[in-house]
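Would you mind keeping the following structure in view while I ask a few things?
Labels run A, B and C following the written order; every chain starts at residue 1.
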């Protein structure tokens, strides 16, 4: 059974968002990482890039699959987590912690309302 | 039929397992109006194996090959000696009739030879790495240009006019389809004249040796690329690389070339094999298969697998780095066996023989007043001025038993009187003397 | 395991790389000696290279190296190779003999056209044969592989629309079950890809297609469709589908990967397709060579002929084979010369061996073999769709995953221990735990029986000793290899130790 911290917000495309004021941390869910298997490559945008909600901002890859990442919110990329790109196994072992992917400065905090809760996300999983 | 083993007995037994009474019923889902009546197509009658051999032997005899004519024709494909080991090894059924090595445990033979191929091509080109092959030199070059566009997002591909004209045509077709622009870079004295530095260029493509056999100033090209922020693509001849400082050592981002000269029959142009090497930093963007070394999951035995597979079309679909799937594995194997057979010293000998023969040819031609056109350095091929239209001379030299070279007028109208001549290691002094005297007679010197 | 099946044990140390066998001074070929005067290489070339790390071996060592490597490689000549979608049929030996004739191999592609009338005649004969078999008006042999042929057809579509002032059509439709090359080729032509779903019977979902066409009709350049589909099923509504696309001004491309199901039985040109590609290395018996060369001829209807790659090979009014370079509307060259000429020679030998009288046997026996295998296996591995299949059957191993944690890949790897090459796994993507089996027409009933027996035994093993499958294969020179390690610690070439 995959882990689903209740304080996070989720998307149907298996990303999560953690809010700290106007700053959002973004990553992929425990379910997503377990479906992918051993993650061997993470590509992320340069800091400074402006994302709109729904934009493809990178990809995570295992040996046999590649999965595009879609931004759950709009805003400016403050940081792409180098730990995740250099030690990709952290995305598998600690997807909600050290294995986060982006730190984004929100440009439209109201969008957070359209994200789904852990409970709603759980219903989407098989 | 020898290829379909089904006897009447087999057929009946198999159909009865399927509760069918005739093979026609196997096709019951195909609408009746779309079915072809057996034997109704307008096709030639079946031939026995002997008749097939006779038919194709007769057609083959209508052609005049480089076994019938002494060839001084190069222009991107070369009449080089193919060691007997090459054909023997690539005819082995285990290599010849294998599919792409998707099941590595049962394909270690193919995989190891590809790893060896990648190593040898990277070594010759002076690049960090090479892939497992592309279709041919032309598409290899076009693919490199498209990768360059992906790296810097720029839409103009600068290409030297001394890249093989057919290769440029292929590049143009590829670029037109994907929405890129090509800009032809002119040349002076048989080498490329670099354009103004500009941030519109995704890359520049130069030949080294170029189509006229001449060597470019790759250091200048590298500097131009640094100034323009463009990728440097060099199309080269792997035999020349046995002697030359390789393009990779000049800092080329991509080195591409035609591998036919390494043990592959000319075969009217196909199958050829595209060579593709590049810097390490580009590895995730390149097209084609790559084989890597690894270990067993539950053991220590080393082995080889296809790797970085997420670049490829079967996984990444429309976001793949290319649409290439099938490559030229068997021809890459021919290259690998060739390079082992001739070895480190043999390839140098082949290159040196080609070069020395061309210098001798040049001196003999100059002695009868036929000058090498460009004063640039060259490898084993050069343009010579005949003083009159070269195209009819080429045709008439056939009657004297020679493939005289390529008349350049068709591709470079200003060079109508020029003949592009190449010498490989297969030519010798006697043949060159004979060629020059026949050419003199034909041109009227 | 039943001894009858046991593959030869090959657990010996991995062979050394050829570089590790090198000994300075050895020579593997007696090359022509140099007869012309010495020159100063540095002066002639400018900068020359310092090192060249290539091996030095005797001729016997070269032969042994590659012969031993061939022994740890599986080919059609080694055993049954039912790799779905790849048509691994026998590659006749006469093909190799005639393709090796010096009057074909020693031709330079830029020698005067007058010197190779026999080669042009070969190309025309191949084209004529393929045109009649597929029902298209013209064939081009210039594309060098399947994906290259697909891409060429899309280029033709692009040129066709542009010529009609419809260059703004930006979408190519591709079924969700399609080969990856389809969307990848579309991307290469600047097209956007939109998926067409598959219905409950395994056909293209015509209702969904109509919906897409209603909304986007004027923006659609065409549809790429594999027939029979990658599910190994004939598209029963193919004529209607083609008509729907034509109604909105689009064109329909047939992916010819599955032509083996149709040779001499039905013709894609009659189905309503505008163009198609063929894989001569699948359907027409040229060898796969461990991943290539391919040979990707294309067929087109009259409306696309003006755009074909230049030059075209044709007959003049006197019936003489010739090259035609006067092609003002051509898309240009897609490869530098005439395509894979020596593969075209092989294909001609193959086509002539069947001829008018027997050509239908290819599809007939291929389809018989696939249906026979599907029937014999249906109790252990049910078909994804309960219908007659064409030249291949797509089965699902889903229940073994659910019940025993055994995946299609595990079953496949175990097949290697039984001496067979595995089928294609996990394709098409829409079938869970897919196993796609394509026996081809060149296999006899005894081989199919033995293969089915092996799979039935393996499915039994899956329920009682699943670890046997998880650990398979154990009969080969290596066990399962660590592909994660291969990516994380990339090692793609040997380097000399310094």
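Keep in mind that, in the parts below, a contact is a pair of C-beta atoms (placed from the backbone, for glycine too) under 8 Å apart; a residue touches a chain by one contact, two chains touch by 3 or more.
Predicted model only: the values in this text are computed from it and were never measured.
Participant: Which chain's mean C-alpha position is the greatest distance from chain A's?
Facilitator: Ranked by distance of C-alpha centres from chain A, the top chain is B.
Participant: Using only alpha carbons, which chain's centroid is the nearest to the whole structure's centroid?
Facilitator: So the chain nearest the centre of the shown protein is C.
Participant: When the centre of a chain is set as the mean of its C-alpha atoms, what distance in Å lies between chain B and chain C?
Facilitator: Chain centroid spacing, chain B to chain C, equals 20 Å.
Participant: Taking each chain's centre as its mean C-alpha position, how far apart are chain A and chain C in Å?
Facilitator: Each chain reduced to its C-alpha mean, chain A and chain C end up 38 Å apart.
Participant: Find the geometric centre of each of chain A and chain B from their Cα atoms only, then give the gap between the two centres in Å, rounded to an integer.
Facilitator: One centre to the other, that is 44 Å.
Participant: When you check chain A against every other chain, which residues touch at least two of them?
Facilitator: Within chain A, residues 41, 62-64 contact more than one other chain.
Participant: Of all the residues in chain C, which ones touch at least 2 other chains?
Facilitator: 483, 486-487
Participant: Which chain B residues touch at least two other chains?
Facilitator: 315-316, 319
Participant: Show which residues of chain C lie in contact with chain A when the two form their complex.
Facilitator: 483-484, 486-488
Participant: Which stretch or stretches of chain A touch chain C in the complex?
Facilitator: Chain A reaches chain C through residues 38, 40-41, 62-64, 88.
Participant: What does chain A use to touch chain B in their complex?
Facilitator: The contact residues of chain A facing chain B are 41, 61-66, 68.
Participant: Under the touch definition given earlier, write down the residues of chain B that touch chain A in their complex.
Facilitator: It comes out as residues 284, 309-310, 315-316, 319.
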